[in-house]
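Paired with chain B in one complex and with chain C in the other, chain A is shared by the two complexes that follow.
Moving on, here comes the complex of A and B:
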């Protein structure tokens, strides 16, 4: 086939380095002391202070009220990521099932009502969303953190697309066997969608874990802070300090990026499939 | 129109024109369907409720409050018609920010797409080490914008940042956070860095869905690699590229919020910012709810237009059988 020139590899190595080296440096620097970083700049090789720094970041009570630890924020991020992914899968599978497998009036208007949510990202209606949440007394709750993020139709469309590709014969056979709609959904469609569910779980977990603006507005009680919110706090605290806690900020960044990074790398194939393939 | 739903385009079908089953747009999704009056409602209701409460209610409220001037001390609001819009659009600050946003979008989109495409084309070509390159190039996708903002901030830091030394080599005194242009440079760099993997993933999967037969024919027809790329690869990738164009514009408009928030750290004084950041500042820091809402509505119109363009593009290319 084609000849491979060394230049191709050079470009790829350069590209990979530009993307990966900053991540490695963030990790390496998090294992040095703040004073070392302050004197010598960022590190590419790991140092010896790592255990102490991570222990401190995970267990030290910080923030303004002094009651939130890194471990707590890690837990909150996990709740947000998993809660969002599961909620998204449940809601959107059910809605897609209704839209694909039932003949009922208003199906088309409902389809469009859900579809329209794709038009406007949360960021443009952030102020009124906040007011609504405050009226519903959902500020500083996990419900308020997770449920409003579910109001977008991406998942519904992935599943709708998938259900449409499921052969009609399955439903016909199930009906002959006397299965009702709920039975068919639980016994046949859900097991059939396992791969799809896993792929969407990965994408949505990363999406939920990485949320920034919404958790920032929803949570003033530090017990609900996620790691992303913690990053903002740690940067606000060090304005004006002698030697900023570079190492702790890096450690926090590593904690914040490690879980989604691992999920994406371990399930790489499934993740890419879920992301790029929706018309099977 | 009912069949335009899939968000990311499947790169394969539009590259090869294979015969499709005729499919009238108004036909039901399935040949066989359940015919129950109540059950579908039970299934669709949770999603409908969430959408109604957390999407439609706030959206209507945004439009509504954009016509009011809210008293800063919370004593009611008075109807001011389109004054909030007029004020926003005629303010010099707003125009400056709009201009920056446009330039920022163009730069980020152009660079992220260009670099992503270059890397995808090269990764598609190599055999040895292909999966290692792929893993390295994809990893950054998983990192959240605020985290990339934090890492970027460290790299551009005035005391510890390696970029400061790099710029000094060229005789430039890099002062991110103080100098407008320097901060803009830092924001663009970080925003592009974060978006490359996404574009890479889609371009690569677009390239790999080009059938071997087409590749071999191309190899026979065009000896020069550049011509092969221009005449065969690029047209086949065009649908993916259009899709990514819209995604990248949306990304640079909205998802960069966290990067900006982390990197300029509540010191917007002389720093560049995007329109979305301004909506947030006016609404939450400035307590100008009417003005912020009017800006929200303007942005909504822009995004809605973009999304409609995107769906029309997808619709034109992909028809699901």
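Moving on, here comes the complex of A and C:
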């Protein structure tokens, strides 16, 4: 055992505090009323309005049309996050499989073409993507929200690197054992990739969950609103003498934090287990 | 169970690398054939062509009388054991062995029976539900063999299966492979670069050099009648001594000493002598001693005759005189053509001999 050094601990505690205090503040403030927050600023101690606020943001119909509830937005965000993560994993695994295991002439140039799109952020191609979706009449649909963003250079790249590290003999043994391309993929590669899939799921879920610009363009129907837009809408009501519902915005923000937290916790365990189990 | 026939088999890799050239070989049913040669001589390539993992560039390979050139590995009725075992890391030992049978839609109870049989034969019973990473190298090797056995193939293909094991385990596994193959009577092709492993396992050896077959024969046949200087220098530990000598007046002459009669053409010749065929004597070829390797069961004396390096095998108790002179029986001499390296066939009258390889 190493000697416990007080200074090290102080630094760690400080670091943890810097990360945790804002979260705590958001949570504590969400349990006070909007007026209190407006007058006294942010709180670090919980107040008494918590249950009411959370009940309200989850169930009360809001938005311009008064149709969308917090629960609905939560569901939309979940659909987006999970749809992104699962879709991206499926697509990029299949793309990487083709690139690594099938000998076709242009595999390398195609890979590099995919790879260079890594450098282009979504915002660069957002207008053409929007136009395509609009012409396909896919605005205001989950398909339109999810499908255009599924092609993933990052995922393809990671899976390609991973597949390349799988020993050739495994493929050869499987071929002798009578496994065709589909069997090999499902029986050998997919189980071996579990760690990789967990890691990419975390990244992509959070990525999908935090999308703001794309859903805003793609959907005008408030039934498709996500949490990120909901928070924004709450803070946008500076009309007359009305105070924005800070407490509700905070409550939504806290709610918005929970699912990614859960995903990280669950998949991280799988991820670490995968890392320690593999003997490479 | 079946024989394997190679007819003028050749392999050219991209970039015009001729890895294997013109291999013709008839493997009998149940025979244990070892392909041996230095690293890069094309052993693996030849084996992988049988397995269907490499295309056959020229020639034909048949298994059990059926040409397999265009068949998928799975349809060739062979099983292969790889150097790094190639076990599926996420499957238990049982699943590893069953996987090939499952893909062939073998009935469940038949799979269970075969896996249990193989596990008993290989003493893997207690490990059936473990994952490969929880096994030692030797156990993994056994699982790889089990995977081959349960398939009951026409032939086993081994590609340096013991190279990743420590020396002691290697000797034990060597015996086990040989016993298993005998018991199952399955034709086996075994690749190794280790001549000792080759000698101890093979019914017949195929010595490869630069993609070509140098010689095919039983281990002792190769030991006592190497067809080329390459085989002479590759088989046996220590390898056969190869010395520049001359044939003059129908006699083999080395460093001015007459070693015996020769019927070959006059002039330069390569003389081969096994280390154990030279014996210290009162008079004879003088040998300068460099250093001695003690093996316990004997000693190897390294030195030079006529400035050419030589190894001499001595019995454990034998004294090492200060001035070493060697007697060599005339029938222990091997003569090779100096330029082609080929054995001069009738250079010496040779009585039939038997012996144990070193």
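The criterion applied here is as follows: the second predicted complex is superposed on the first by the 241 of 280 C-alpha atoms of A that agree within 3 Å, B and C clash if a C-alpha of one lies under 4 Å from a C-alpha of the other, contacts with A are read in each partner's own complex, and residues count from 1 in each chain.
Operating definition for what follows: a contact is a pair of C-beta atoms (placed from the backbone, for glycine too) under 8 Å apart; a residue touches a chain by one contact, two chains touch by 3 or more.
Not measured: the values here are computed from a predicted model.
Aligning the shared chain A places chain B and chain C next to each other free of steric conflict.
Set against each other, chain B and chain C differ in how many residues of chain A they touch, and the higher count belongs to B. Judged by the touch definition given at the top, the superposed model places A:179 against chain C, while chain B stays out of reach. When the two complexes are overlaid on their common chain A, residue A:213 makes contact with chain B while staying clear of chain C.
Look at A:24: by the touch rule set out above, it reaches neither chain B nor chain C. Legend: residue contacts after superposition of the two complexes on their common chain; A:167 is shown touching chain C, with no touch to chain B.
After overlaying the two complexes on the shared chain, residue contacts for A:192 are found with chain C alone; chain B is out of touch.
Of the two partner chains, chain B is the only one that A:101 touches; chain C does not reach it.
Once the two complexes are laid over each other on the shared chain, residue contacts for A:154 go to chain B alone; chain C is not touched.
Superposing the two structures on chain A brings chain B to within 7 Å of chain C, judged by their nearest Cα atoms. Counting contacts by the rule stated earlier, residues 172, 175, 277-279 of chain A appear in both its interface with chain B and its interface with chain C.
Those residues of chain C whose C-beta lies close enough to touch chain A in the complex are 51-53, 72-74, 78-80, 82-84, 86-90, 99-100, 103-104, 133, 147.
For chain A in complex with chain B, the touching residues are 1-2, 4, 8-9, 11-12, 15-16, 18-20, 22-23, 26, 29, 37-38, 41-42, 90-92, 94-95, 97-104, 107-108, 110-111, 113-121, 123-132, 136, 147-148, 150-154, 156-158, 160-161, 163-164, 168, 171-172, 175, 181-182, 185, 206, 209-210, 212-213, 217, 228, 231-232, 235-236, 239, 246, 249-250, 253, 256-257, 260-261, 263-265, 268, 272, 275-280.
Remark: chain B residues 2, 5-11, 13, 28-37, 39-41, 43-44, 46-48, 50-51, 53-59, 61-62, 65, 115, 118-119, 122-123, 125-129, 133-147, 150-155, 159-162, 165, 193, 196-197, 201-202, 205, 219, 225, 250, 254, 257-258, 261-262, 265-266, 276, 279-280, 283-284, 289, 292-293, 296, 299-300, 303-304, 307-308, 318, 320 touch chain A in the complex.
Residues 167, 169-170, 172-179, 183, 187-188, 191-192, 277-279 of chain A are the ones that touch chain C when the two sit in their complex.
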